[in-house]
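Can you read through this structure? Questions will come right after.
We call the chains A, B, C, D, E and F, going by the order they appear; numbering starts again at 1 in every chain.
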Amino acid sequence: MKIAVFAGSFDPLTKGHEDIVRRALPLFDQIVVAFGNNSSKNYFFTLEERLHFAQLTFADCPQVKIDTYQMLTALYCQQLGAKFLLRGIRNAADFDYENTIAQLNRLIGEGVETVFLNTAAQHSYISSTIVREIIKGGEDPSKFLPAPVADYLRPKFTK
Amino acid sequence: MKIAVFAGSFDPLTKGHEDIVRRALPLFDQIVVAFGNNSSKNYFFTLEERLHFAQLTFADCPQVKIDTYQMLTALYCQQLGAKFLLRGIRNAADFDYENTIAQLNRLIGEGVETVFLNTAAQHSYISSTIVREIIKGGEDPSKFLPAPVADYLRPKFTK
Amino acid sequence: MKIAVFAGSFDPLTKGHEDIVRRALPLFDQIVVAFGNNSSKNYFFTLEERLHFAQLTFADCPQVKIDTYQMLTALYCQQLGAKFLLRGIRNAADFDYENTIAQLNRLIGEGVETVFLNTAAQHSYISSTIVREIIKGGEDPSKFLPAPVADYLRPKFTK
Amino acid sequence: MKIAVFAGSFDPLTKGHEDIVRRALPLFDQIVVAFGNNSSKNYFFTLEERLHFAQLTFADCPQVKIDTYQMLTALYCQQLGAKFLLRGIRNAADFDYENTIAQLNRLIGEGVETVFLNTAAQHSYISSTIVREIIKGGEDPSKFLPAPVADYLRPKFTK
Amino acid sequence: MKIAVFAGSFDPLTKGHEDIVRRALPLFDQIVVAFGNNSSKNYFFTLEERLHFAQLTFADCPQVKIDTYQMLTALYCQQLGAKFLLRGIRNAADFDYENTIAQLNRLIGEGVETVFLNTAAQHSYISSTIVREIIKGGEDPSKFLPAPVADYLRPKFTK
Amino acid sequence: MKIAVFAGSFDPLTKGHEDIVRRALPLFDQIVVAFGNNSSKNYFFTLEERLHFAQLTFADCPQVKIDTYQMLTALYCQQLGAKFLLRGIRNAADFDYENTIAQLNRLIGEGVETVFLNTAAQHSYISSTIVREIIKGGEDPSKFLPAPVADYLRPKFTK
């Protein structure tokens, strides 16, 4: 079974993340959206909320599993039997950063391969950081979120 | 069937190309090493030689097919029933270039998705251009070539 | 009068070029789409065709002028009384290239300032090179061209 | 009226910032140097000091206004009737970062356009971070500061 | 005497750092591995540990000195009579960052020149950050560390 | 003896090239400005002119030698007993290109190390290409050239 891990903190999951997973579905038998559980990090949304967003977003995709983990990502892949990591890349700066990590994961994970898709042009400026800034600014982030997440959050942004 | 096209002029095929194909094999049912046949371009090796190098290199891989084509790459993918293009990326400059083409191919190819692998660190400086320069300089390019290609060419570089 | 020069070979003018000019219109009193006439270069479309494409595209914009020139771009700006050059940037690689030229033009043009707009995300993969490749491949490049240019060229691509 | 917002924390305003504003003056009727007031951020200089530095620097420019704001930048532009954001770019890494934000602001701000100037070569290594490091190191940062700011701060750095 | 300063926090020193110093030895009469002592920063290893790692690593190199400093790096170079700073660069993003600092150090240090070596391809994904992550994940970071540092730390990672 | 090779076609030598060599002089006992003699390439200035420009520029530097070569650069270094290549880097795009070549030369040249200096900010937009464009445009390129080269060429650009 071809399993890919799409790891992150997804704080929150964006339309960009959703698009990468959906475009990668034909490549894999299973994609695990995996929340790295880092207790020393401050998150904007709780783990429960972030998991819920992922469940809502991929409710129609039996191939997508949601999970959490607390070890090195490459070891988590090995434990899961996942031979692939999935990453989206927006621009050159992203690549330089992701390339370093991917080289490392191949070494630590004894062959865990990172598969990169480029972010679709129309999503290339979306990031979790930007969604959080918009929410902090009291504005509606709907157009950057997966439809079910936007629906779920909308009541909070309409006064 | 999951088919990926690895398109290029492969003038000649390098160890870097070989590594990308071999690392991508677990992802696909078939990888087509496809030589874009551009009659207006000057090649260092003839099409026959370049095809032969690919056949030698992937003789042990029944999943790998060798082919030539003369149309837009995205249309060739569609004709073949290939939903994926495969590309290796060495650095940030490569990404900016490849990203543009991949966005285009997704549009023209009606969803043809480009799958990027990063070049293995130890191959990150190998390119066909560099191999040609070494050969023009009268030196032995063996360490940059797939083993069977190096064996085939070696007699020409030992005096 | 605030005049900007948008210089290039526009072989052919694309939707990306059109978008940069239209988005820059509120900044300037006049934008001159200026064709650098380089007799040693081989063009795909003739100068007449390329000028005609620009005239069709900006027929509704009295602020846009079409012109040709044969000197250094910075000097052409000075002769015209244009204090600004206009450039679109798609990615990091574009910036490194354009930055060098802009620093130079400021020096040679005695203060000619280059104003950069970023390419709209949805046009970030369009270039004249790509349009020419599509045409050479016998396909219809309409979606990458300004509407009147697409209309003009369409008869040639429908058999 | 053509209004541009030059937003930042300017902690402190540098010669690089000053140069971008002065070079952009011929483009706009008004440039608003706007201090994003983020109460959760720690600043080196107080808001009062930072505003004072801007007032000193642009005392000779009636076109330049100094302001503070607490909302999303794109919304602040709309409230002000400013159709443009002004940004300086030093290098490729800057562009990748700024491009993302500019795409977003165009969307949120319903057409707010970001105008990029390249940093003048001789200022390309100046940043507020670097000025703060120099001050923390007990050295005189005068050559990186607008002349009136350097004059104002100099007594503190001469023993 | 040609002295170069290789400054950093080396938290911890990696095989990448070691390689840069060893490859630079033929260039200089002395290389000073200099620990910037920043009391406001949180380190993973204590200063004593970090210094000890450097001493272990370069025990066989009489040309290498280990030191700490608390002032601006360029001024430390001047005080030491060092005309050179030594830096390793892994990728384009590193260069944009390091270039800015090097331009500044040349100015503040009145001619202190930064000499860049590229990171060897096989070390291009190693960084202190990554080593710390591996240790936090409870794994053995030996293959990213200088041999004597790996030997020293190994007992802590074998249960 | 520490010998560095500064290789190129120098068509023509610019102020940027001169600056890199002069700033590198304290590092080496000898710097060889080496003209790669590529008979299939079209040059703007003849080899004689290009050599003469280098001799004029470095007439005051007994440490600088001028030479030509026709083999792979790394092998030329070995034949000369030069352990170092010297390169100037202007920006991120330059680094990605030069890094690849330097990794290769270290391998082919059995340890030939490439030493990179960053281009001084005020020269970061100068290149031989730009000088040739200025000359083709009938303008005086003096400010981009070493003083003696500018003096030598000036009569040709004053009418």
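The rule is simple: contacts are C-beta pairs under 8 Å (C-beta built on N, C-alpha and C of every residue); 3 or more make two chains touch, one makes a residue touch a chain.
This is a predicted model, so every value here is computed, not measured.
**Student:** Which is the least count of steps on a path of touching chains running from chain A to chain F?
**Tutor:** Counted as steps through touching chains, the separation is 2.
**Student:** Going by the touch criterion stated earlier, list every chain that contacts chain A and also contacts chain C.
**Tutor:** B, D
**Student:** Specify the angle of rotation obtained when superposing chain B on chain D by their C-alpha atoms, rounded to a multiple of 5 degrees.
**Tutor:** Resulting rotation angle: about 180 degrees.
**Student:** Averaging over Cα atoms per chain, report the distance between chain C and chain D in Å.
**Tutor:** The separation of the two C-alpha centroids amounts to 30 Å.
**Student:** How far is the middle of chain B from the middle of chain E, if each middle is the mean of its Cα atoms, in Å?
**Tutor:** About 38 Å, centre to centre.
**Student:** Which chain E residues sit where two or more other chains touch them?
**Tutor:** 91-93, 96, 99, 102-103, 121, 124-125
**Student:** Return all touching chain pairs.
**Tutor:** According to the stated criterion, the contacting chain pairs are A-B, A-C, A-D, A-E, B-C, B-E, B-F, C-D, C-F, D-E, D-F, E-F.
**Student:** Note which residues of chain B are touching chain F in the complex, please.
**Tutor:** Against chain F, the touching part of chain B is residues 90-94, 124-127, 130, 133-134, 137-139, 143.
**Student:** Report the residues of chain A in contact with chain C in the complex, numbered from low to high.
**Tutor:** 91-93, 121-122, 124-125
**Student:** With touch defined as at the start, can you tell me which chain E residues reach chain F in the complex?
**Tutor:** It comes out as residues 2, 23, 26-27, 83-84, 89, 91-93, 95-96, 98-99, 102-103, 106, 113-118, 120-121.
**Student:** For chain B, which residues count as touching chain C in their complex?
**Tutor:** Touch residues, chain B against chain C: 71-72, 75, 92-93, 96-97, 99-101, 103-104, 107-108.
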